[in-house]
Amino acid sequence: MRWIPRKVEFFGLLEQQAEIGLKGARMLQDCLQEFGSPEAVYLASKQIHDIEHTGDDLAHKVVDLLNKTFITPLDREDIHQLTIKLDDVLDFVDLVAKRLVTYRIEKPTAQCIEISRIIVRQSEEILEAVKLLRDLKRGDRLLQQCARINQLENDADQVMRDALTDLFKDHDRDPIDVIKWKDIYEHLEEGTDKAEDVANILETVLVKYS
Amino acid sequence: MRWIPRKVEFFGLLEQQAEIGLKGARMLQDCLQEFGSPEAVYLASKQIHDIEHTGDDLAHKVVDLLNKTFITPLDREDIHQLTIKLDDVLDFVDLVAKRLVTYRIEKPTAQCIEISRIIVRQSEEILEAVKLLRDLKRGDRLLQQCARINQLENDADQVMRDALTDLFKDHDRDPIDVIKWKDIYEHLEEGTDKAEDVANILETVLVKYS
Amino acid sequence: MRWIPRKVEFFGLLEQQAEIGLKGARMLQDCLQEFGSPEAVYLASKQIHDIEHTGDDLAHKVVDLLNKTFITPLDREDIHQLTIKLDDVLDFVDLVAKRLVTYRIEKPTAQCIEISRIIVRQSEEILEAVKLLRDLKRGDRLLQQCARINQLENDADQVMRDALTDLFKDHDRDPIDVIKWKDIYEHLEEGTDKAEDVANILETVLVKYS
């Protein structure tokens, strides 16, 4: 047990988590945008799963560090929650990649590519926001980042609505197909929701420390 | 930064949030009960969305006030959580109204009207409960309110179960229709779950302050 | 209001909650494994519901005790959260049992039996973990338990994926059947997620007290 604040280590790990989350989100977007053969999609999903695994390891490092540290730079519970929710975003990215394989998706829809793009943008904003944790005096900028992450979640809701309208418009559509796509859209949207959860925790931190 | 407790402002804003939530819930119930033409339903969904927007603004005001206030009448985190969950109930009310449009629903089922009524009743109990926050010495009454909100969530579960039994009973039912209604029921039920979350937070507050 | 720590009572109630949770999980597994007539399944679902009711009563006792106790053996919020999440696992077990009746399921799949087994194993680990709360100096063992609960959740994800692959493989499958099974799998998986939430809270407790 070291008694000095390990501020640098904590913020470093959270930033790594945010970076790996962004990496995973970009890989999903690339996979959807340049949709290849079933083998290519399978390979991409395996690579995203490896990224997710790296993310898990980082999350465990944060928990271990929490257990070894007496004075933490932010409330323990907030660091713990932040780690869990950062991990959740990546989990949903990983889940969607796996569903593409499970459901033998042949061609992604425009809206599913669009939502994956929104998750990339949210992940970029999250990385910026997590970097701002080192200096909470710049609370205004952090609040702005959070507002952007939330706005992107609203955008995703709108795309999701358009996607569902398209999906249910065509009366001859195969119901099994509808089930698959509805599921993929919902999991993508849950990813954007978890990003919003990250923003909410960052706001909570600001509320306490500013 | 003002250093005096802004008790009045906080409780006022939370009550406004509870009031706007009740308003939105009533509009959804009205929309379902007096189900009109597609245009009428579209218009109602737009009006509910405006209400949801007003709710968002109130939630942001609470967060802003938290950031400007040194001594809060309840724990910062509890106020923050309460604001988020109050907003969540209204979000699901808004989501269901939008789904009615997206899915081109032609006629609401008895059970969907029934669950919307339950959300109205929960919202009424929530408003009463939030008003009781001003005087935590009346903890017994607040606990009663929470018990009622939870009981209503149980009632909604039962209605949901009856609704699903009906939905899957008819073997000739169009699967697309089943997908739509299952989705609407689930979102209505999530609304009642979020109301239960509000009750859980209020219980937490009582646990701390009584 | 008694001013002495009621450590024994709190830990006793939480253990009872964990025990009743395990009992419910085992009843669901038995029901699925020795799947009987519709009447037998209905009866089993009623018995599981009674168990769930007993679980609710225990959860209320914890909240009541929190309200009557000045000094709690762990943070009030953590005890409250633990009680809620322990109850959530049992709620999903109960929900799945009810869905078997609602959907008139005739024969359970191998994977649904498998996930119910995983919930039993998680519940066993949870009971062990809750027992360890009495002596937080054995933090290493508690962390091990949490790691096992999380690993079991990962296992359930894999089984769920195999189940979905099977479900969507057969092109002639009745879409209504697909909807039913997808729903049951998802609720089983949510049960394992709630067990993971329990592990996360236990980790949080360790993070604070060790």
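Per-chain residue numbering starts at 1, and chain names A, B and C are given in the order in which the chains are listed.
The rule is simple: a residue touches a chain if its C-beta (ideal position, glycine included) is under 8 Å from a C-beta of that chain, and two chains touch if they have at least 3 such contacts.
Please read all numbers here as calculations on a predicted model, not as lab measurements.
Chemist: Give me the set of chains touching chain A intersected with the set touching chain B.
Modeler: Where chain A and chain B share a partner, that partner set is C.
Chemist: If I list every residue number at the interface of chain B and chain C, are over half of them used by both copies, so same, or under half, so different?
Modeler: different
Chemist: Just give me the whole-number Å value for how far the CA centre of chain B lies from that of chain C.
Modeler: 26
Chemist: Among the residues of chain A, pick out those that touch two or more other chains and give their numbers.
Modeler: 175, 179
Chemist: In their shared complex, at which residues does chain B touch chain C?
Modeler: Counting only chain B, the residues touching chain C are 139, 143, 161, 164-165, 168, 171, 173, 175, 178-179, 182, 200, 203-204, 206-208, 210.
Chemist: For a test of understanding, state which residues of chain C touch chain B in their complex under the given definition.
Modeler: The contact residues of chain C facing chain B are 63, 66-67, 76-77, 80, 84, 98-99, 102-104, 175-176, 179-180, 183.
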